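My questions all concern the structure below.
Per-chain residue numbering starts at 1, and chain names A, B, C and D are given in the order in which the chains are listed.
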Amino acid sequence: MIERVRVAVVGVGNNTSALVQGIAFYRQTGSLAGIHKPTIGGLGVGDIDLVAAFATSAEKIGKDVTEAIFMPPNNFPRLNCELPAADVPVTRGLVDATEVDRVAAALAGAEVLLYSAPSGRAETARAYAEAACKAGVAFINTTSDAVARDPMWIDRFETAGIPILGDDLASQFGTSVVHNALLRLLEERGLTLVSSYQVNLGGTEDFRNLVENPNTKKQSKLNALSADDKVQIAPLGYLSHLNSQKVAHLNLEALGWGETAVSLDVKLKVHDPSGAAGVNIDLIRIAASAIRNGRGGYPAEASPLLKSPPGTAI
Amino acid sequence: MIERVRVAVVGVGNNTSALVQGIAFYRQTGSLAGIHKPTIGGLGVGDIDLVAAFATSAEKIGKDVTEAIFMPPNNFPRLNCELPAADVPVTRGLVDATEVDRVAAALAGAEVLLYSAPSGRAETARAYAEAACKAGVAFINTTSDAVARDPMWIDRFETAGIPILGDDLASQFGTSVVHNALLRLLEERGLTLVSSYQVNLGGTEDFRNLVENPNTKKQSKLNALSADDKVQIAPLGYLSHLNSQKVAHLNLEALGWGETAVSLDVKLKVHDPSGAAGVNIDLIRIAASAIRNGRGGYPAEASPLLKSPPGTAI
Amino acid sequence: MIERVRVAVVGVGNNTSALVQGIAFYRQTGSLAGIHKPTIGGLGVGDIDLVAAFATSAEKIGKDVTEAIFMPPNNFPRLNCELPAADVPVTRGLVDATEVDRVAAALAGAEVLLYSAPSGRAETARAYAEAACKAGVAFINTTSDAVARDPMWIDRFETAGIPILGDDLASQFGTSVVHNALLRLLEERGLTLVSSYQVNLGGTEDFRNLVENPNTKKQSKLNALSADDKVQIAPLGYLSHLNSQKVAHLNLEALGWGETAVSLDVKLKVHDPSGAAGVNIDLIRIAASAIRNGRGGYPAEASPLLKSPPGTAI
Amino acid sequence: MIERVRVAVVGVGNNTSALVQGIAFYRQTGSLAGIHKPTIGGLGVGDIDLVAAFATSAEKIGKDVTEAIFMPPNNFPRLNCELPAADVPVTRGLVDATEVDRVAAALAGAEVLLYSAPSGRAETARAYAEAACKAGVAFINTTSDAVARDPMWIDRFETAGIPILGDDLASQFGTSVVHNALLRLLEERGLTLVSSYQVNLGGTEDFRNLVENPNTKKQSKLNALSADDKVQIAPLGYLSHLNSQKVAHLNLEALGWGETAVSLDVKLKVHDPSGAAGVNIDLIRIAASAIRNGRGGYPAEASPLLKSPPGTAI
């Protein structure tokens, strides 16, 4: 029987809630529904143990992670399963680089560090990367802050023989996935795009942050949509009633044979944190396989799961 | 300069209207919008001349084909271009096999015969195939009637050194194309389909015929959707107000990570005859290239354009 | 404290399931959500007791009604409440008029008979009406069969001093309600309708029956939509996956100022049996108030709840 | 034959384009499609003549108004009619209160002044009101700036025996109209709203202004939606591709009988300037009838056409 992966996580938000609950759900039910890869490197989705969790919210610190994941502003729903206490109290996360050593010490016993805090705090992300490197722990950056796509950091991890994965996870199934698929489909079939739009609405704290600081994310989304100036993205809408659900409205107007009109309207409804957890579970297993096999640096097989892998603009 | 393809067509309905008007439109405008392949075998979409047209409607017979395509029940709109008279009067189509020789004689001067009559008259389709074979003209069957997928007919055409293409053209962009793309996308991303439906509404004579005789087409569509019993297709709806437009409503309900709900709702609006003409223009050019190069039998490159190519169930 | 209404019901399908479960739900939770009228004649929605139930399905006969409502083909979901046994075994329903006396005897102790069997069995409906009249029990016909709008029957009940209500209940919130509201809204605002369609999809046994026998219901729906030939109704679609949910797609195309285009697309999703129960609970209370006050014949206040009240075409 | 109303307009944007073109369209075609009231006070929609137009854009000043309405950033489409030159060159609009007398002089010959500039310039709106009052011309304020709902201004006009109408025109058919109708419908039928949202997307200059200065309009919209905290409005999205079209996505989630789920999703597509012109044509005729009948002050029959009539908060 394979040894379970020991994972530390930074950020005890909705995405961590979905990850922790999902692991418990699949262990108990044996279901394979909604799982992208049943096994990676021999590791099933249940073969993950959380061994440490860092957060900065005073309310969450000290609570068991299985309790902290349900504290506001988290609003991912309770999955339909038992959730035994993890016996992992939430640890105070680092605030500045002077605390790298404390965090590195706290990572003893972990194999993988999943950095799952909000985007937009590049210094913090890099401090955790440094702590992981010192502790000999694989590092995954799920935020859009440039770490894994920074050649300096890849070099450091490669030299240390430790894997580093990132940046910016691509949701298992989100607006970009669907929009891109439809844009590609039009192209494959020889239709000519006239115009297209995308509106995203959500009720998580992540959404609220993005609404208040919209520019980077919107640009990143536009990049993800093949830089076509016929595609326009409306401002994100924070609607608290949606809780952890995201709703997207897409429209594509195109021309077919004889320049006759073709139109497509799509409504997509998903749980954003599920889309993140469904990819994090793969990144963790790729990271674990790499570190167990002594492969340092960036493992290329992670690229399809990332929006900004090494080689993309910083 | 390449020699234009001389095409005879059976059926002067909406699909022929879209084909004839579209060729004129692209010649005049030089537009490439909505075209799947700008050239095939060196042939552009404007390099097609209609040289004969067969129909059974008393009103259409004797009229120039550029006039007949606007007669009821045809309801494909006038495209935004001049349509010079073709100087091709509509000829009386064959009613039974005794007329094969008359039709074969009328095909003198044609290179390709496009069989674009309504589905459901297998005897008629085969009589035209026989006429084409006798006249040394490439044959394209766009209906679901089994001709090109029947080994006997392929043999005959192969022996005669004449190309035969079919059966049942796959629309350039229709409900099946979009539905299949989304079903595949869910699967690729690891989501689990719970249920899906498709409703098709249209206002053409074809739609009216299908509504009155629904079973074969529905089965054919289900086959096209990867035979998944989670996919249900509602009865076709004939709504005369839609004229040549088709509207489809699709729904897909799936499970993502942790069995959380994912849903997709799609409305698609297209002109059905444009979807047919956009593929017929490719089939004609494949057929012309084959006959000009002396390739008899079935040209494999036609398969992506067909729902029931050779090898599928008869 | 008001005396509870003693109700007998014919038909132990989804609508009865929604009624019986809903009464229990509201008694337990004290919720008022989804209730049209908290009280009618002093009667709350919890002030109803089922005292008899008739059905023809061999499996259901003899079972307690609280058990029988979950037997196939019923597929209305279990509401989130306890459902104590009613101690009302399902009685064999009548098959022909010879059994009127047996049913009348079984109605002893009831005040109201709710006829909630499938539409299309006018003889049966009238036999139950006769039994109710004999037993001195108020009669409610929820089907489209002509009973309460037949002057002969109103006379009989009026003479007997017993209330009769019907025919054909208008759902609390269904496709017609929404479609009519939008058509009226366009008119009020001075827009000119160009075309409109409606597609209804459902997964209940009622839907399956309507699909197999579509004409009457479709006509009835069209009548309900102000007899406008610009409104077209697509064939009903039976999609078993929907279970007791109904999904409707509506489209309205109109002209505004300067004949510029206005379009509305609507997707509606409801539980059909809830829409029926939400109206049946009002009809029952109107019937009970009338019989307790000695008002025979048709109580006019029922008309807004009915599609074919007295005075409409038979 | 009735004497035509002589109207001056402030603002030569999309709304004026729709008004001017629409009047020409209806005169030529005799169509009544899309017209709210064929006549008001005996005045048809064609009985309006534009006699003066004020604008501040250097490009528009001096051009005939029938030319200026097609200059950028205007993007309302050309209607399908001839548009004879009006022989009304666009006059330089006022920039501050020192120009009131110049404008008043320019209003000689007009009966009604339609103030149709962008919202948000209260001083300017009031300066035009003053000019109208001096010139003895009825004043209509279509913006959200407080003029007609300010008791001081009503008094002045009443004393002068001149009508004043406003503020903030309610579109003939827009998002609020549809959203309110559906919210009311749920309530009438006894359903309980759980949550609702509204997203508005548009491509006019008005939209661009609102996106850059969103708060007032959003609040005004929320007020229009019966102040229900269950209704959330997403940020407006400026999408240039939409040109003068507005697209709105609405969602309503509610509870029916037994607290079962009911959901409604709506997509609305309209030309915003048509919605304005369709109401301005009524306000103009109400104003003309009032001034011709010597009725000064606020004519109460205008209230249904306004969002902020006298009596609402300033």
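The rule we apply is simple: contacts are C-beta pairs under 8 Å (C-beta built on N, C-alpha and C of every residue); 3 or more make two chains touch, one makes a residue touch a chain.
Labels paired with UniProt names: A, B, C, D = Inositol-3-phosphate synthase.
Since this is a predicted model, take the numbers as computed values, not measurements.
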item: Contacts common to subunit B and subunit D (chain labels); value: A, C
item: Cα superposition of subunit C on its sequence copy subunit D - rotation in ° rounded to nearest 5; value: 180
item: Inter-chain centre distance, subunit C versus subunit D - centres from mean C-alpha coordinates, in Å; value: 44
item: Gap in Å, rounded to a whole number, between the CA centres of subunit C and subunit A; value: 49
item: Where subunit B touches two or more other chains, by residue; value: 265, 267
item: Chain contact topology (line, ring, star, complete or other); value: ring
item: Which chain pairs touch, all of them; value: A-B, A-D, B-C, C-D
item: Residues on subunit B engaged by subunit C in the complex (per definition of touch); value: 194-195, 197, 199, 201, 211, 230, 232, 234-237, 239-242, 247, 249, 251, 265, 267
item: Residues of subunit D defined as touching subunit C within the complex; value: 18, 21-22, 25-26, 29, 31-37, 77, 79-80, 172-173, 177-178, 181-182, 185-186, 189-192, 254-271, 274-275, 277-278, 281
